[in-house]
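These notes open a run of structures that come right after.
Heads up, the next two complexes both have subunit A, just with different partners, subunit B and then subunit C.
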Partner chain A sequence: MSEKAFLHLKDIVKKFGNFTALDGVDLGIHKGEFFTIVGPSGSGKSTLIRLLVGMDDVTTGEIHLNGKRIDQTPANLRPTCMVFQSLALFPHMSVGQNIEFPLKLRKESPAARRTRALELLDLLRLPQEYYDKRISQCSGGEKQRVALARALAFNPEILFFDEPLSALDYRLRKTLEKELKDLHARTGKTFVYITHSLEEAMVMSDRIAIMKDGCIEQVAVADEIYGKPVSRFVAEFMGEVNLFPISADAKGTLLSDFLLVKNCLEVNVVPPNAQGLLMVRPEYVRFVNDGESYDFNLSGQIHGEYALGSRIQYEIETTAGIITVEKLREDRLNASNGDAVTVGFNSNCTHFICDAI
Partner chain B sequence: MNALDRKLGFLSSLPLTILLLISFLAPMAVVALFSVMPAKVFSLANAPDFSSYSVFLSQGYYKSLLWSLGMALASTCILLLLCWPLAYGMAKVFGRFTLVITIAVVMSLFVSENIRLFGWVLTLMKGGLIEGHWRAFTGNGFDSPLYGVGIIVFGLVYVYLPFMLFPLAQGIAMVPDDTRQAAYDLGATRWQVLWQIEIPLAAPGIVVGSLLSFVLAAGALAESKILGGQAVIAFADDIETAFTFGQNWPLGSALSIIMIAIIGGLALFGVSKVDLDAIMGRKR
Partner chain C sequence: MPTSLSTRVVLYFYGVVIIFLLYLPLVSVGFASISKARYLSFPIKRYSTKWYGEAVQSSTVSELLTTSLWVAILVTIVSIVIGFFGALAFARYQWRYRTLFQKLILLPIFFPQTVLGLALLMWFNSVGVIPSWKTAVVAHLVWIAPIATLIVSIRAYSFDPALEEAARDMGAGTWTILREVTLPLLMPGLISAGLFAFLLSWGNFPLSLFTTGADSTLPEWLYAKMVSGYSPLVPTLGVMSVVGSFLLILLALTFSWLIRVNRESRTTQKQKIL
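Let's turn to the complex of A and B:
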């Protein structure tokens, strides 16, 4: 944990009665970063964000923002702001009044407030006529932008997002994900985003933290989380994956016999005396044609074929269990269920997870 | 299909609508007509004059009207301040304990208003429950708070509390928790959240509760008769006296029409300002 972190969480514990929602969270978020915290429901991510904005108190631990300790500061005095899952727009105010709300609290002049509100409407690509619109007249995506404009009007040092896109339909969500990333680049603000959706996290974030049972499992850039997960949980959370329980002897030679390892595999796939899981993502598994050879080979039958839009997913029943293979639609296999196939993958596409089998 | 539904709905509601119109509007029409009859007649077959309305001004009936409206206003304001925290607790904080409060408040409605007011008289009168015990133990008595304006307002507050409490709790329940949190997060203080978020969003409940308790208190006479010992005369008391003791139906009618006009106007104004559908649960 670097001391330079802009937002620094030190050993945060949050208990509700006997239930420990957060169990020692350490995290450093850099200035100007788009940081996403991903986890299934119940992982404690919403509790964490409520602590960060000040809607709940930490049980133990410290939160430092820009070198200043803020965990004892009430929410209305913290230089942070949150976009709620429900957006929490004020239904009795117009779009303009909503955006100006934080400015009005600071007693800025009506003219200055209006200028800033119109600037923010422009920034979020909403027409200026929306200034006088009622909130109930706005569509879902427009409300989203109004909520963002209101949060930006507050001019926070960090902007928090509590799954604001989860209630929207797929297409609008995809559009807004990209807009949000774009907005992050244009404003240069620090964004901390919470979601249960891996895709949302991958599209937008600079770095991702994965949470499980009140703890941070892994913090890394998206590629690393996807390609080099530290645990079975992270591997499975980040999409389809094939995991093989393996062990190795003192020289690092694989002892598992179900993988038809190519003769004289000299590559250091696993550390000596390793016990754990060998991971390979479905898109790296190939169907073996005659004359081709891979580091690892398995034979079995096609068990199922599923169309995933741009890709086709196959399930292959082998002695090592069901293996998932993904192909681009153009590389679709000319085969049907029950056909015998051999699949293979190379060791440079694998990742060893030192985790409980 | 929709048009047919609407037509059938209209037709099937017609008998009851006519019955309600006759039973509500006919007495009002009779009262309105009597109010423009000469004094002390018992027939509508007279040339209209407005003498009863001039009596309202010349014989000081406006004073009791002002007293009634003033005490109603005072009790409504007190109720609003008193019920806001309680209603807030019922809507947002107490959880299951809300049911206990609801039952306790509703139970009080099971006993007639007059009997409950006499209960207060026995409690507060000189030699009553409080003063009597106090004197027995300390030897010093004190004056009864009964028979004054203050105790009448107290009676109004006591009797009409449920009519403020429940609409107010309903109104506060309509304020989404996250709008309050969002306002706080955006830098608002507790007071700013109250004035700029909670009160505007709970406005339907505030208006309905205030109208109910104001209208009922303005037309109340038992509190001034029983607790107040007629220290001040309620306007409703004047109306009753005109019809019964005074045997002056045109005067009673004129006073009634004045009361109906003021309260009806106020109610229409209040209702026009808020979204009643919201509190009736027809939206959201």
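Let's turn to the complex of A and C:
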């Protein structure tokens, strides 16, 4: 853990009665970073963010922000702000009053508040007429922007997001993901975002943390999480994946019943005496034509074909179970279910997950 | 699905009959109040408004109205306060004995009021409190405060707890949250709870009968006069009481309408400036 982390979590434990929601979380988030915490529901990510903004107390552990310990500071005195899942816009106030709310609490003059609110409307690309609109008159996307403007008006040192896009339809979500990333770049603030959607995390984040059962499984940049997961859980959480149980003897020779390996000693993917899972993402698996050669080969039959928009997914039934293969739509295979095929992949496209059965 | 003609006819007929049956007794009281005769008899031969004049001048009537008004006003204020905090406990916060609280607080509503009145009277006696209109306030509250709590709770249930958390997150303390977020959002519930509390107290007979002691409220007096020594002031006061309640509801509706209009006009004015 780097000591110069802007937000530093030390061994955070949170218990509700006998239930341990967070079991020793260590995390360092850098200044100006777009950091995303991803996990399935019940993984403890919402609990974690509530501790960070001060809506719940840690059971044990410390939170440091910019060198100062903040875990005992009540929520209203912390320099943090959160955009809620429900957005929590005040329905009895206009858009302008909502944005000005944190400024009003700081006793700023009405004129200064108004100026700042109009600036923020500009920043969020909302027309100035929205200042006097009622919240109920705004669409879903506009409400998102108002909630963001309000959080920015507070001018927090860190901005937290609790799945604010989850209730929106797909197209709007995609647009707002990009806008949020753009806003992050323009404001230079530290954003900490939680979501259960891997796609959201991949599009926006500088770094991603994967949570499972109250623990952090892995923290890394998106490419690394996707390509080099540390566990079966992370590998499967980050999208479609093929995993093969594999091990190597003391000389590094691969021991596998079903993978046809071209040359066991040349294919140096598993350390000597190690056992675990060999991972290959579906887009790296190829259909083998005559005369082509891959490090790993498997033969089987086409079991299913699914259109995923720009890509086509195939399920191939082999002796090693069902293998998932993805191809671009333009490379669609001219074959039907039950046809015999051979698939293969090279060792440089694989990743070995040690001991992860 | 469009309603068929026969269904519509039946519905209209049903509606008219129900409304007729509901309001006919009131109308007959209205007629009785403007009869010139000293004793109640139909059909009314000569009409007069002289009983209204007497009612306005009568010291008994003004005493009755003062007592009833005081009881109703105090019950309203206390019910709103209890209802507000009770509703937060009822609907907004999760705590260990919440379901038990929810059941117990509703129990007095289903208690027969006469039994409740008797029980309270016995209790006041045993603790040595002499019954007066002040004890009636307490008696009314036992029955009305739960109703007020229930009305505010309906509003509190539709309240996103994240709103208070968001306000706190942006730096608001407990009192600021109450003033800026919780109170304004529960206000419609508080207004209707207050209205209910006032009207239920104003018209309450069984609880008052047992607990007012030497004092008398309007419904009690109406009953007493019907039982012994009918006075033409009975229908007159009855009508005045109904009209008063009606005006109060009208006032509340106008008030909420004005708030809405004011809000909207402010919005459009500002838009014009921009």
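Just so it is clear, the second predicted complex is superposed on the first by the 352 of 357 C-alpha atoms of A that agree within 3 Å, B and C clash if a C-alpha of one lies under 4 Å from a C-alpha of the other, contacts with A are read in each partner's own complex, and residues count from 1 in each chain.
The rule is short, and it goes like this: a contact is a pair of C-beta atoms (placed from the backbone, for glycine too) under 8 Å apart; a residue touches a chain by one contact, two chains touch by 3 or more.
No experiment lies behind these values; they were computed from the predicted model shown.
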| item | value |
| --- | --- |
| Combined model on subunit A: subunit C and subunit B, fit or clash | clash |
| Partner chain in contact with A:Phe154 - subunit B first, subunit C second, else both or neither | both |
| Contacts of A:Ala112 with subunit B and subunit C, given as first, second, both or neither | neither |
| Of subunit B and subunit C, the chain that contacts the larger number of subunit A residues | C |
| Touched partner set for A:Ser94, first subunit B, second subunit C, both or neither | second |
| Contacts of A:Tyr131 with subunit B and subunit C, given as first, second, both or neither | second |
| Subunit B versus subunit C as contact partner of A:Phe84, first or second or both or neither | both |
| Touching both subunit B and subunit C, residues of subunit A | 53-55, 75-77, 80-82, 84, 86, 88, 90-92, 101-102, 105-106, 150, 154 |
| Subunit C-touching residues of subunit A, taken from the complex the two chains share | 53-55, 74-77, 80-82, 84-86, 88, 90-92, 94, 101-102, 105-106, 128-129, 131-134, 150, 154 |
| Complex interface listing, subunit A residues touching subunit B | 53-55, 75-77, 80-82, 84, 86, 88-92, 101-102, 105-106, 150-151, 154 |
| Residues on subunit C engaged by subunit A in the complex (per definition of touch) | 160, 162-163, 165-173, 176, 180-181, 184-185, 267, 270-271, 274 |
| Sites on subunit B touched by subunit A in the complex | 176, 178-179, 181-189, 192, 196-197, 200-201, 203 |
